[in-house]
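Each chain carries a letter (A, B, C and D) given by its place in the written order, and its residues are counted from 1.
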Amino acid sequence: MAKLSKKDYAQRLKSLEIELNKLHRWLQHTGKRLLVIVEGRDTAGKGGVISAISDCLNPRSCHVVALPKPSDRERGQWYFQRYVPHLPAAGEIVLFDRSWYNRAGVERVMGYCSDAEYKAFLKQVPVFEKMLVDDGMLVFKYWLSVDQQFQEERFAERAEDPLKRWKLSPIDLKSREKYKEYGDARDKMFSASHTKHAPWTVVDFNDQKIGRLTLIEDLLHRVKDKDVPMEPLDFPPLSHEPLREKFAGPVKPLKSVKV
Amino acid sequence: MAKLSKKDYAQRLKSLEIELNKLHRWLQHTGKRLLVIVEGRDTAGKGGVISAISDCLNPRSCHVVALPKPSDRERGQWYFQRYVPHLPAAGEIVLFDRSWYNRAGVERVMGYCSDAEYKAFLKQVPVFEKMLVDDGMLVFKYWLSVDQQFQEERFAERAEDPLKRWKLSPIDLKSREKYKEYGDARDKMFSASHTKHAPWTVVDFNDQKIGRLTLIEDLLHRVKDKDVPMEPLDFPPLSHEPLREKFAGPVKPLKSVKV
Amino acid sequence: MAKLSKKDYAQRLKSLEIELNKLHRWLQHTGKRLLVIVEGRDTAGKGGVISAISDCLNPRSCHVVALPKPSDRERGQWYFQRYVPHLPAAGEIVLFDRSWYNRAGVERVMGYCSDAEYKAFLKQVPVFEKMLVDDGMLVFKYWLSVDQQFQEERFAERAEDPLKRWKLSPIDLKSREKYKEYGDARDKMFSASHTKHAPWTVVDFNDQKIGRLTLIEDLLHRVKDKDVPMEPLDFPPLSHEPLREKFAGPVKPLKSVKV
Amino acid sequence: MAKLSKKDYAQRLKSLEIELNKLHRWLQHTGKRLLVIVEGRDTAGKGGVISAISDCLNPRSCHVVALPKPSDRERGQWYFQRYVPHLPAAGEIVLFDRSWYNRAGVERVMGYCSDAEYKAFLKQVPVFEKMLVDDGMLVFKYWLSVDQQFQEERFAERAEDPLKRWKLSPIDLKSREKYKEYGDARDKMFSASHTKHAPWTVVDFNDQKIGRLTLIEDLLHRVKDKDVPMEPLDFPPLSHEPLREKFAGPVKPLKSVKV
């Protein structure tokens, strides 16, 4: 597998980031909404690609949504109810780090939902998404794939690297023996929800850098003609010498770390 | 000004990230809550330091809050009301990218609030924060400083760099001629809200990398004895050869970008 | 038209209220959810019948939802989005005083939505409701009818009675000349949304007391076998003489109004 | 104890309702906010007086708030956090059926909160309320008193009347033997929270009709000069004979109940 150097990656990411900014400007100009659903195997790299996208955009109109477990009251509601308040408004991008598809993945494989709930979900999800798409929302769904060999490496890394340890839960470890079951569940999920109005796109994340670039490039290709001229800016010279910070009161800047 | 190499920065950031993860684990273990308020001049680097912190933590319990302009209905509510639902619950970190201090900064300088509203805010804010602190919430407030020379450079960069253009609004440009006024407003804000229970910390962000390290190091020093032993993990070898992704249906992985 | 005496009304209402309480107990016992949509002409009596129902039920699990005008941000969202958070959870009754059907009524007749939005709504609403019903939610939809003769009487009353004046808005008055248009809009709405899974029920509210009894009786008939035995209560005699209020501090009861 | 006839009660309530409507109009005209906290003994009649007020006002800007038990996540938040989103916006009336004072009443007496939480609450509540009042919110706090003799009668009634059974919980029954403790807890609550800015008003609800009139009259006296001229209404005669309902489609009015 060809590797991408850090430098090449950074360079290529940067030009995609410029395009992401154009996309965001176009969304705000047109009042359009974009929902990006990021699903995939544990360790595939969902969080990483989401950060790559959101870190270069205005956080006031680009939101990452990673919902915690439902409360008891939420468990007694319509399944989609707790997700709906987070859907994007005009001009907004929302990135779902996992989503309603939990029901067809981890909940199904680990037995956290009933058969009836599972079947109901598979029946409802294409209908629900069609409503959003018909309403004008852009809905892009990505599934990040990774072979178990790399997944195992990453699990091992997570177990040892204190920086990544939080990404590892007991459920993840139980899931290691269910790699195939997760794949089967995914295929069934695709059968039910890979629709014309909201198709799935699978991206190979065996190499995460390449995966990120591939996903973002694909996302950008889905919106054509998104050029919105930047509003001209009036940037006259300052009328005085640039000033320096002065602190009148007792609060003074902290001593900076030593270089 | 001594410069920090990219490599040194990355290395030093990494060891701080490990400590941030310890801190988060400690919060979850003890059920404590952490609110970090990040304020400061335009271009100082609020978004950057927030990403540096949040990118290494579990997004399900570390939230970045960057509220849009208030709605008409919100404008008719108690000033703090729209912020309160975003305060951290047990085990959570919340990072405010700008905050209720808008009223003492941009709103005051640009005349977006009345004198009475401004004075009421200065009176209420220490009381409000004391309630949170007395309730056991950790409340850390940072103000990022930058001399106008660097601010001007960054404004110019934002005007030209399509990646940063969204960070530049017409209000920012108007603010360029009000550097001193913003400083005066900040000093008054400090007089009113630099309290024993919730003091301000000013961090020099003339050099953003150094600023980030300084801020995060300070934040970490504020919580002592945050060691929580990691739960031991049972990580047995797989019972079979690692599997590879197989897609039974018509959805196949996208062609990756060329290296 | 036969009239109902106040006393007869009260008596008949009371026995319906007992049944409503049984229904609520059954919902809580089974974890079922009930959504009642109350639509109809201005002055028909939506608020009155909703109060008749909700006043006799536990307000902690029976909610009346009368949403104000959407905010600008809400206007840029999926049309149903602002209603969804108010849908009932397990054991709950929610009564909508007007609802998403605004779009097919007042918004259509008064021109507050575009043709495209109107058509999109008519297409989406049966699909949306089917999702709720398939999810196990009971969805009952009532349309309250009133002849213009009585509507005019009530408008006149509202204009004069200071107690009812708030029910009268300039839009209502403009609507007086559009009685027929509202009827036509309703018929089109019925064509689109009178479905097997969520049918409309029209109730004649020319006489409001009779209308209320008719609606509530119908609602009750829609749920069969809702008997849940009341849990036995242990209600032993007090172990001492009943006590009287004593106020140790300076706050004493207000002087009651004179009889 | 002098009794009030039903007719007298209705008449007197009606004139108060007219004044309540004036008050609401004044709130909307001035953009003021009104919070009414209704606390008191079990069976005192909190729900009844709240309905008496809210039933005559516009539900789009008069809300009754009766929160269910906190969720696990809410339990880990600042104690006041879950109440804050329900505070009134400009022009609104909010009626709290029980409130944050739960902590000083049932939670204290039944041991549902720790000593530390209880003390923290007593310390915070006057400060918290002062912030609201200083912000311009009208905050009226009522405590409904009832002698145990009447309370016992009402408990017995609730145990037998299927219409009132939902008002009776096992906790209520346990509370019967704690009448004195509840009184003591109330006195301590008053000591801590009967402040100049947000005083308590005790109303005798041994006779509920008289209690309601007394409370509403007091509430109305707290706002002077609330006259806002009603906007004149143009109410021209209809340009045609009043029309009758006609249903073009298959949905026809339900057969009304027999008189």
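Rule of thumb we're sticking to: a contact is a pair of C-beta atoms (placed from the backbone, for glycine too) under 8 Å apart; a residue touches a chain by one contact, two chains touch by 3 or more.
No experiment lies behind these values; they were computed from the predicted model shown.
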Farthest chain relative to chain D (centres taken as mean CA coordinates): A
Rotation, 0 to 180 degrees and nearest 5, that superposes chain A on copy chain B via CA atoms: 180
Between chain B and chain A, distance of the C-alpha-averaged centres to the nearest whole Å: 20
Computed distance of Cα centres, chain D from chain B, in Å: 40
Separation of chain A from chain D, taking each centre as the mean of its C-alpha atoms, in whole Å: 44
For chain D, residues contacting two or more additional chains: 68, 73
Touching residues (chain side chain B, partner chain C) in the complex: 68, 71-73
Touching residues (chain side chain A, partner chain B) in the complex: 2-4, 8, 12, 14, 17-18, 21-22, 24-25, 47, 51, 55-61, 64, 66-68, 97, 143, 145-149, 151-152, 155-156, 159, 162-163, 165-168, 173, 176-177, 179-180, 183-184, 187, 190-191, 194, 199-204, 207, 210-211, 213-215, 217-218, 230, 233-235, 238-239, 242-257, 259
Sites on chain C touched by chain A in the complex: 31, 33, 73-81, 84-85, 87-91, 120, 123-124, 127-128, 130-132, 134-135, 137
